[in-house]
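Order of writing sets the chain letters: A, B, C and D. Residues in each chain are counted from 1.
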Amino acid sequence: MRRKLPVAVLGATGMVGARFISLLSSHPWFELKAVAASERSRGQRLREAVRWLPPEGLPEEVLELEVRSPKPRELEEAEIVFSALPSEVAGSIEEEFAGEGFAVFSNASSHRMDEDVPILNPEVNADHASMVEVQRKRRKWEGFIVTNPNCTAAVLTLSLKPIQEEFGIRRVIVSTMQALSGAGYPGVSSLDILDNVIPYIRGEEEKVERETLKMMGAPFKPASFKISASCHRVPTLDGHLEAVFVELERQAKPSEVAEAMASFEGEPQRLKLPTAPKPPIVVRGEEDRPQPRLDRMEGRGMAVVVGRVREDRSLGGVKYLVLGHNTIRGAAGCSVLNAELFAALKLL
Amino acid sequence: MRRKLPVAVLGATGMVGARFISLLSSHPWFELKAVAASERSRGQRLREAVRWLPPEGLPEEVLELEVRSPKPRELEEAEIVFSALPSEVAGSIEEEFAGEGFAVFSNASSHRMDEDVPILNPEVNADHASMVEVQRKRRKWEGFIVTNPNCTAAVLTLSLKPIQEEFGIRRVIVSTMQALSGAGYPGVSSLDILDNVIPYIRGEEEKVERETLKMMGAPFKPASFKISASCHRVPTLDGHLEAVFVELERQAKPSEVAEAMASFEGEPQRLKLPTAPKPPIVVRGEEDRPQPRLDRMEGRGMAVVVGRVREDRSLGGVKYLVLGHNTIRGAAGCSVLNAELFAALKLL
Amino acid sequence: MRRKLPVAVLGATGMVGARFISLLSSHPWFELKAVAASERSRGQRLREAVRWLPPEGLPEEVLELEVRSPKPRELEEAEIVFSALPSEVAGSIEEEFAGEGFAVFSNASSHRMDEDVPILNPEVNADHASMVEVQRKRRKWEGFIVTNPNCTAAVLTLSLKPIQEEFGIRRVIVSTMQALSGAGYPGVSSLDILDNVIPYIRGEEEKVERETLKMMGAPFKPASFKISASCHRVPTLDGHLEAVFVELERQAKPSEVAEAMASFEGEPQRLKLPTAPKPPIVVRGEEDRPQPRLDRMEGRGMAVVVGRVREDRSLGGVKYLVLGHNTIRGAAGCSVLNAELFAALKLL
Amino acid sequence: MRRKLPVAVLGATGMVGARFISLLSSHPWFELKAVAASERSRGQRLREAVRWLPPEGLPEEVLELEVRSPKPRELEEAEIVFSALPSEVAGSIEEEFAGEGFAVFSNASSHRMDEDVPILNPEVNADHASMVEVQRKRRKWEGFIVTNPNCTAAVLTLSLKPIQEEFGIRRVIVSTMQALSGAGYPGVSSLDILDNVIPYIRGEEEKVERETLKMMGAPFKPASFKISASCHRVPTLDGHLEAVFVELERQAKPSEVAEAMASFEGEPQRLKLPTAPKPPIVVRGEEDRPQPRLDRMEGRGMAVVVGRVREDRSLGGVKYLVLGHNTIRGAAGCSVLNAELFAALKLL
């Protein structure tokens, strides 16, 4: 790639915003030009305005950036915007950017279920990238919006993809143990979660069910398998752990399913995208893995880790555990990978 | 009840042993006469030997008891023994006591799957009490062995019983978030579980699956529905939380299922047994309950708390959360209730 | 006491407010008539408005109370108000109530360092109650304001009182490990404190130092010993643990100091006030106590627990650990005890 | 350095052993030749025998090493042994190795207080290295024993050194919040520490007090300032946090003390030893640092982080917080640095 593509981050002061900045500040294809956030932070240095920093910190020069408003004319030097805006405000702001010709890669849920907006998890449904053509025509936009999935669905679908391809899926049941960072910062009160589990995350189960079917079907045609999710918050910092039960279309041994996962490669691996984990699915043989603290940074947070693939006698299929980093693979990292896919496919 | 029945506790120095002692030390029908444990503790005061105390402490006079060996002739003044022995040694010791005429109520897993030993969770299968007649004949014992179920199965089956009775069950999938006390004391290292989940508990899934079917069938005839469990350890002190997905034989609305649970009563409630919780199943309407820290002591740890009863579109049935105290309802409390049932039914 | 005194709680929807309500809703001398909070909650049932509930819950009839504004004319049926208002607003509101003739017992820090307002921890400085006479004259108030100390200072001063009385104090150094509830609800983000300690609590060290001297001196004449505090937040739910190093005026063995603490009684014990713990200081002999989870509810949260009283070779004195429940002894419980003292002394 | 020095690790299967291996397996001066542990592990691959792995894992080839017995003739290819043996057995084994000519760098406490054995924290007391000459003569050993300090003392003394040099120290009081890994693996039961603090660590306070004086004095002549420690275990994984109160010999402003710490360099920095952190003391200006989770890996776990340097009005000096990684700077890393010092000074 000759010149780096200029990019900006919307919603830069929150947790997913900080993850975007960290991934973009030393990116081989993209150059971070500007950061934007709500009016409250406008005019401050990012250093003052940022509410959370990743463990590795952020580069000094980025911390010196002035926070701008999330308006197209304030971010004219960028061609791509990554959106970590809260879903209450993301909808119209992202449309405005797309209308002005920006490529918008968004973590917000606002547009995910719009019929012509792809939810893109590129190992799973790179072919959905083509949906933006329809989107542009219908909406008469120069730019476009591509979303990454809900964090839980991102991890789940990546683990399901090789199963769907090789054995077919009839039914999926997923029960989650989700990390605190999924609620953003400050998010969950320590008084609520210490020595406790909160067995409810607003809107999460519906998102997991609907987004999974949309991603795992063809463009504009959701998959038709059955799916049910039960979502729960546990006291871990990062890494969503999911217990998955799958009814297969075609009988298979657990070892065959594990092998299909371990050898799986998606479009990002074939295109050697910079942020693509190799392999995207790490299958571990120990009886007590994956564990959030030990496995969440696998593939720099972009891989998912699968373990305990075993027979499910209830559904006639398999059950397993899968873990992925919810704010990297399940949020910022996925949108960065989406942008890389678009760049590699010359869709920008 | 005229005189109190004399009882002893085997395995008195561990966590479940301490729970037994706490429940028995002010019991209206039973009188704690002696405590026993492994040779290592023999001759010590319980005060010195006990490794864990319940939050409420134990009575001074009990702490002064001398720890004896778990041998029938050392515990002759007892008629009933409650066993919290580790399963590695419980098998033959319990048989010896039963052979010598003691009524043995055990938390150990050693004999649970013996064909003629009931796993008794008395709201669920009080009718299995009759199995001890067969057991005595076959084994030519004066006494008998009755076990309580695995902690996870105890909580699960209590919640399933009214569903089975009113709607029938075809299939059950359960994904657990189990407390640290389930591993005993000292049990799980803090270095393993802080900021983490361990997605494996040795032998647990098999126990949950087999014991549930044995309890929910007729005596000597396990239930035939399908069941699959995935068991996980989370950083909570007490209280196993379980996400349950149920395929029903007969269609029902979630509200009907919730109502069946809320109005359920079992034999312990009908017989007004002293340790019986009223109601045995507490159904909460909040969207974020049950929670381990808030709900585990419901019914003094003997009730289970159900929440989020909702439609399951994958299985055609319902999904819900259930929580119960693993060392009370799921261990010592259940065996005490079993002994009360035997006393009330004049089976002692 | 003939009739119960009518009382109201200001700031009823937060954590300390809920503790006040819990203590007052079955009080032998006081009758809870009304609850008030900020405009945001006005007109709601307490059930809807309350942000946090104590583990024991609150009575149904109290949860049905309508939340009023914290204005004297809206709470006319009360004679005493207990204030859990945030310190940003407590100052003028409490003055208004005192001016209108209410006895105000406040947990807010706003007036604590006013010269004529007592900080009252009644085992420590019951004689400071007389300061309200000066206060009333100076301010021409019908009513008055009495504050309870900062939570850390409340625990510390109770443990220091018998040492001061029997041996004299030259110097105190205290290093704290404070519970999450000290920051209110929602307070500390779980993302900040899991697997972590935050070695800073805004304003806390100054409060501990100044309030301790004010309480441990004569009315209007602070004590003159030297004191230094270092305050830190740890991941515990309730119970402030403090490592205390004391230089004595008169040499004493650790066992003498421990004995002075264990046999200590204050005015609340002599007057047999309903909320007074007996004894106020529990001295434990184990080498690893006090522990927050095990000891915080000692004396229904009103006692402090001391352990590890040992020689301090650096200062020439003793060092020890002390623990107290920060929202009971260190907040609501202390103000309720203060009101009981005023009632018993006929100062209301 | 021409050839790498051949080294072995004793006590290789525990937590500090694993830290030793991690630091040594890619070391520029040392080459790990062998690992040894107790008889129980003998003959196993390290992979099977190791009880704990660092987050970064260990190299495959090291995991394939066969565990040997901790006997000189089984480790003949090594010249240096690093000892992470438990103190119950370390004493005589380390003497045997020293007698056979090995340079022993030990984390065990067994020999620390032997008059002729240096406790070496090389930024603090590099000059104590010379004590081994006396040791060899007295004991007629070819080799020698050098110990690293107790983890808490290692962190404390590094922070105190520049204060001692520039302002003089009269008195030190330290109150600690120590991480779980300080107790080794499995160490502290999760049931003891969740939602809790344990205000006692066996032998720790005595070690901190004695070792600090030994290190901060001249060889064979302990320092004479007064010191008192209170040691407590908190629920953090790694990183000991210490609240330190210091009475100075010569008055100084907190800013001067902070500057002395920030600009401090020791012998390891001057000699540019491979494991030496630069700077050894990181002084942070934020009001809420250092924090264990955020700061423990500073300088790859070899630096200490200081914050909140402020006036102490009680002692007439300063108080501050210091944090260091207890199993790196406070254990394995310190002994590796000690060996580097000996290599650089041609003392091997």
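The rule we apply is simple: a contact is a pair of C-beta atoms (placed from the backbone, for glycine too) under 8 Å apart; a residue touches a chain by one contact, two chains touch by 3 or more.
Quick caveat, the model's predicted, so the values are computed rather than measured.
A.B. asks: Chains in contact with chain A and with chain D: which ones?
C.D. replies: B, C
A.B. asks: Select, from B-C and A-B, the pair of chains that is joined by more C-beta pairs in contact.
C.D. replies: So, comparing the two chain pairs, more contacts are at A-B.
A.B. asks: Of all the other chains, whose mean CA position lies farthest from chain A?
C.D. replies: C
A.B. asks: Could you work out how far the Cα centre of chain A sits from that of chain B, in whole Å?
C.D. replies: Each chain's C-alpha centroid was found; their separation is 42 Å.
A.B. asks: What whole-Å value do you get for the distance between chain A and chain C if each is reduced to the mean of its CA atoms?
C.D. replies: 47
A.B. asks: Indicate the residues of chain C shared as contacts by at least two other chains.
C.D. replies: Only 194-195, 235-237, 294 qualify.
A.B. asks: For the complex, which residues does chain D have touching chain C?
C.D. replies: So the residues of chain D in touch with chain C come to 171-173, 175, 177, 194-200, 209, 226-228, 230, 232, 234-237, 241, 243, 245, 287-294, 307-308, 312-315, 319, 321.
A.B. asks: Tell me, which parts of chain B touch chain D in their complex?
C.D. replies: For chain B paired with chain D, touching residues are 52, 180-181, 185-195, 235-237.
A.B. asks: Looking at the complex, which residues from chain B come into contact with chain C?
C.D. replies: Where chain B meets chain C, its residues are 55, 194-195, 294.
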